[in-house]
Amino acid sequence: MIIILGSQATDAQIDDVIHRIESLGLQAHLSRGTYRTVIGVIGDEQKIAAAPFEAIPGVAQVVPVLPSFKLASSEAHPLPSIIRVGDAKFGGGHLGMIAGPCAVESAEQMDAIGRAVAEAGANVLRGGAFKPRTSPYAFQGLAEEGLKILEDTGKRHGMPVVTEVLDPRHVEMIDRYADMFQIGARNMQNFVLLTEVGRTQKPVLLKRGMSATLKDLLMSAEYILSQGNPNVILCERGVKGFDTETRNLFDVAAVPTLKTMSHLPVIVDPSHATGRPDIIPSCALAGVAAGADGVHIEVHHAPAEALSDGPQALLPLQYAALAKQLRELSNLMQQNPS
Amino acid sequence: MIIILGSQATDAQIDDVIHRIESLGLQAHLSRGTYRTVIGVIGDEQKIAAAPFEAIPGVAQVVPVLPSFKLASSEAHPLPSIIRVGDAKFGGGHLGMIAGPCAVESAEQMDAIGRAVAEAGANVLRGGAFKPRTSPYAFQGLAEEGLKILEDTGKRHGMPVVTEVLDPRHVEMIDRYADMFQIGARNMQNFVLLTEVGRTQKPVLLKRGMSATLKDLLMSAEYILSQGNPNVILCERGVKGFDTETRNLFDVAAVPTLKTMSHLPVIVDPSHATGRPDIIPSCALAGVAAGADGVHIEVHHAPAEALSDGPQALLPLQYAALAKQLRELSNLMQQNPS
Amino acid sequence: MIIILGSQATDAQIDDVIHRIESLGLQAHLSRGTYRTVIGVIGDEQKIAAAPFEAIPGVAQVVPVLPSFKLASSEAHPLPSIIRVGDAKFGGGHLGMIAGPCAVESAEQMDAIGRAVAEAGANVLRGGAFKPRTSPYAFQGLAEEGLKILEDTGKRHGMPVVTEVLDPRHVEMIDRYADMFQIGARNMQNFVLLTEVGRTQKPVLLKRGMSATLKDLLMSAEYILSQGNPNVILCERGVKGFDTETRNLFDVAAVPTLKTMSHLPVIVDPSHATGRPDIIPSCALAGVAAGADGVHIEVHHAPAEALSDGPQALLPLQYAALAKQLRELSNLMQQNPS
Amino acid sequence: MIIILGSQATDAQIDDVIHRIESLGLQAHLSRGTYRTVIGVIGDEQKIAAAPFEAIPGVAQVVPVLPSFKLASSEAHPLPSIIRVGDAKFGGGHLGMIAGPCAVESAEQMDAIGRAVAEAGANVLRGGAFKPRTSPYAFQGLAEEGLKILEDTGKRHGMPVVTEVLDPRHVEMIDRYADMFQIGARNMQNFVLLTEVGRTQKPVLLKRGMSATLKDLLMSAEYILSQGNPNVILCERGVKGFDTETRNLFDVAAVPTLKTMSHLPVIVDPSHATGRPDIIPSCALAGVAAGADGVHIEVHHAPAEALSDGPQALLPLQYAALAKQLRELSNLMQQNPS
């Protein structure tokens, strides 16, 4: 950590800062410049991360030099992690293909979609039983009945399943039915929920919040990791943008950037990132070309009848065509790692 | 609701849309234009809000004409609501003055700050007992012990108290100690939590999420209202911005805009919006000049010792000077309502 | 265009709106709903695009149904355009490879870089002679001397050249030396400059502004097209984002979205979009996977000596490796058009 | 400037950085930490601002400590500047009141509006003769004829006039008619134009670009100042936001923040910031409460007939009511400077 003092900082203020650093058991290294005085802090930066140095009179700027996400960082763990979800793998050259409807609506709906995506090559089935709907008047999901249908459909078609958890009181129940928890974008900083899923050993699909920086996302992953659960998969699903042509702004550069910062696998969700079936395939391909370890796609056999988010789903035939392209692209990428 | 069909929509597609509208018990009103066909939907728009018309082949755009937040809207309730928190009032010309530290740290700290803000004219005391910290390694709050200290301090200095609720399992406990729940920006779309506080009758201070539109904020208020709790106070606390000079981007226009959309009181929180004590007073004044029904300010007697968010707190003396200016400004605004 | 009137619009206000529509030689089609009255406008929408219907008392919302960018739109010109720059082609399956340094610094520097990128397979050489620097104290470019060096280098290595134009008074001079004008992001809405390059027949590389919507970008293209110059290539180069990990936020979804709106070729510039050489290759690949018709990359043989934007340049060897990957990816994309 | 080297920086890399610093005539001050090595640069930071230290192998981060806008900075000029435009003053407690229509349409229109705003207390008249319209098909302004009408109207009603300059070739012409140049948001980084107005001595109203940071704005001011023209007034007019309820996002905190960075006067333009007459008065009051040195408001006597931006104009009566409130608020602010 580097502490920069303003041009009008007094000697007493400088001494005060040095005294505080030393009282934390760290060393201070002073450089007086023409315009500014700079104090370098040497020692365990974690000790002072929470100390409010910015509030000390005379301090102009505090520059951290180490990431605060120790367990998630590449410095701690230089090789990429491979996370297993049932038989599917994410990371280290393996491409996870998550597909399924926004919400579980009925056993028939799930069977039709589950069969289609399994045939197309998906290796994880998704479906929501508890839905975080913006409106209190919209369909909220089938709850435990939906979890049962999801589990059954996954077993019938040979796929592990992932479903969203909204309530810390549901973690235990969902743990019994699902192979992976999903933490949605709106709950990325629901630290209570992160802590609860961190107490299990089940993989967690952690979606980036709509205004979360990559550091924020990794700090949320750190909550889960610090509870003892090492199985976190990060997901870029679009950030808030200013252009209404797409639902969100798909930040494809997050994929390679996260890989410079962390060992955790990173996937993309072009369905939520764009909300437009006509451009979802192009954005899915872009994600894999950028190095994503998996692709999350919403598929529905009858979007115009869907109880939730129908307009953004691909049809099974569209998904099958895309899945074929994604595999070919993934093969090309493996031959020429960038 | 108005449904716009693309230039290449077929007659069969148009008939399909009309058929769906009529099957919901509504009337369709067709206009064929040179380039586009438009179908107006007449009847209860809530019935079709959840129907995925965008996913029907041929449909280019769906334009809602009524707000989906029925209970929060000005159309439902044209006069401004006045919400009482203990003896304090928010709305209808009353200015709520919420002040206190970010986190409850000790009885001594709370007593010193509580006394100072009460003398300065604050009428609600704040203090966090459960803290939503970005880092799992940072101070997480004193929990129930903190709630007790907060309640005691409020009673001693004659102020009702507000504290943040993070976990739906804590709603009952916090309800016993506090006079108002705070839902933080990161939980604005934690629908589980909104539902739980909606089941009480206690006032809720609902902070706007960092990438939430005003409609999103009002839909979250609707969750609380629809459970039977009418006591919601909205709070603008800064949205995500691109300039790092301030922590967030203080959207002061949200105040008058929300008042055109809703009857609920609106307050501002310049402490979180800016993160800079040197500009907090100016932004607090701006909020009241824009019509805010209250001001939420973090105050700490020793910011450089604070366990959380010290750098953004005002000193008690700074708060007292600001509170005086705010009252004078509020008086001027009452004389000349815009 | 659809005009929606508020619930309290009077009969006189409705009549006034209808009268204004008819006085423009258009037809009005009235639907009275339970809560809202809607007036559809039938006829040439361009006639009323500029009329301020929002300012008429009683009007709540105006919804345009046709794009205002007539010449740039896919509706006007359904097949993709192919634009030629010297022997290079952009669009319709052809991949333009623009490469070179940020600024022309000397004949030696240009020769070294030009030779390297030509060998790697670039087909257009870039280099700035007039630089739009944020600071008035930074290197501003070699001006006409730089144009001469650029032209010479292009000829020597068999590549057409592109360079940025900043000043309408320089259009004629640059037209003598360069094969394509570049309009930079900061000048995307410099309508004076757009008009001047629109009066030539030379291709224009039009970069998206940092806060420009795709409609804004296409309206700027329309300025050029409406002057009689049909040769416009659009370029996504990152929009303003909130995360400082990358210089800008690379909006890769802009590529397929623009292609649903317009016939013009679209390229990507991951150098400016990210400002980080370590992720530029991944983002370039993402762009081509998303359907881009070309890639613009800054290359410098000695980034640490560069007079402008050195830190974001690839080394010649890095560019050669990327160019090979881009060609293979482009071949794969041609086999499986999405 | 502080240069931070990565944990894997070699001794040779460290020596290289030190050598480059010393070769610029500056001193390097080395601190080796546990995880990072930090080099402080002592001497004239301007000398190395343009040197691409980020591109040197081993360098992880470069932290500037001095602003690059020397002439605009508070460090160079601690007291606030007062800028005169005719008899009006901006800054140092004086409130500039700029009002008038978006575009000059006719002598009659200007006379009606000019008379009304003068009576209401405006002290500068605005009106556009060259309009930067998003669409090439929209009204582009009356050009020199418009300048003549503007000048005449200002003289008749005793107000200096301000008008936008779009083209560097028009600077001389506009200089003959107007008392202040306006540089619009879309041209904030049109460095050619900034340089040309910097060569005059006439005041310049410099509007903040839609995605410009405050540093970007001050760097643009620096372009004008560095040419010898010290008369720059900064204007906050809304940045790009994600909520479509308002046209832009009014960043009221920019006012006090700019005042901590610069001595130049700062005004607000709530007309462009919001685009909504129903909230313009509240936002104007917020701007003055935040410390603005002036307010820019669009006024039109018949918004529904306006040739440009009618929907955002206030009526003369609305402006008169607002102007009275602004003066009262400004008086209150002078009594209690924050």
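Which chain is which? They are A, B, C and D, in the order written, and residues in each are numbered from 1.
We adopt the following convention: contacts are C-beta pairs under 8 Å (C-beta built on N, C-alpha and C of every residue); 3 or more make two chains touch, one makes a residue touch a chain.
Keep in mind that what you see is a predicted model, and the values were worked out from it rather than measured.
Peer 1: Name whichever of A-B and B-C has more C-beta pairs touching across its two chains.
Peer 2: Comparing B-C with A-B, the pair joined by more C-beta contacts is A-B.
Peer 1: Between the options A-D, B-D or C-D, which interface matches A-C on more than half of its contact pairs by residue number?
Peer 2: From the options A-D, B-D or C-D, the copy of A-C is B-D.
Peer 1: With chain centres defined as C-alpha means, what is the inter-centre distance between chain B and chain D in Å?
Peer 2: Each chain's C-alpha centroid was found; their separation is 31 Å.
Peer 1: Whole-Å distance, chain B centre to chain C centre, using C-alpha means?
Peer 2: Inter-chain centre distance comes to 39 Å.
Peer 1: Rounded to the nearest whole Å, what is the centre-to-centre distance of chain A and chain B, using the mean of the C-alpha atoms as each centre?
Peer 2: Those two chain centres are 26 Å apart.
Peer 1: Show the residues in chain C shared as contacts by 2 or more other chains, in ascending order.
Peer 2: Each of 211, 239-242, 244 in chain C touches at least two other chains.
Peer 1: Contact residues on chain D for chain B in the complex?
Peer 2: Counting only chain D, the residues touching chain B are 211, 213-215, 239, 241-246, 249-253, 255-257, 260-261, 273-274, 276, 278-279, 281-283, 285-291, 321-322, 324-325, 328-329, 332, 336, 338.
Peer 1: Which residues, counting only chain A, touch chain B once they are in their complex?
Peer 2: 46, 49-50, 52-57, 68, 132-139, 166-169, 186-187, 189-192, 195, 209-211, 216, 219, 222-223, 226-227, 239-240, 303-307, 309-311, 313
Peer 1: For the complex, give me every residue of chain B touching chain C.
Peer 2: 2, 4, 7, 29, 31, 33-36, 38, 40-45, 60-61, 63, 65-66, 75, 240-242, 244
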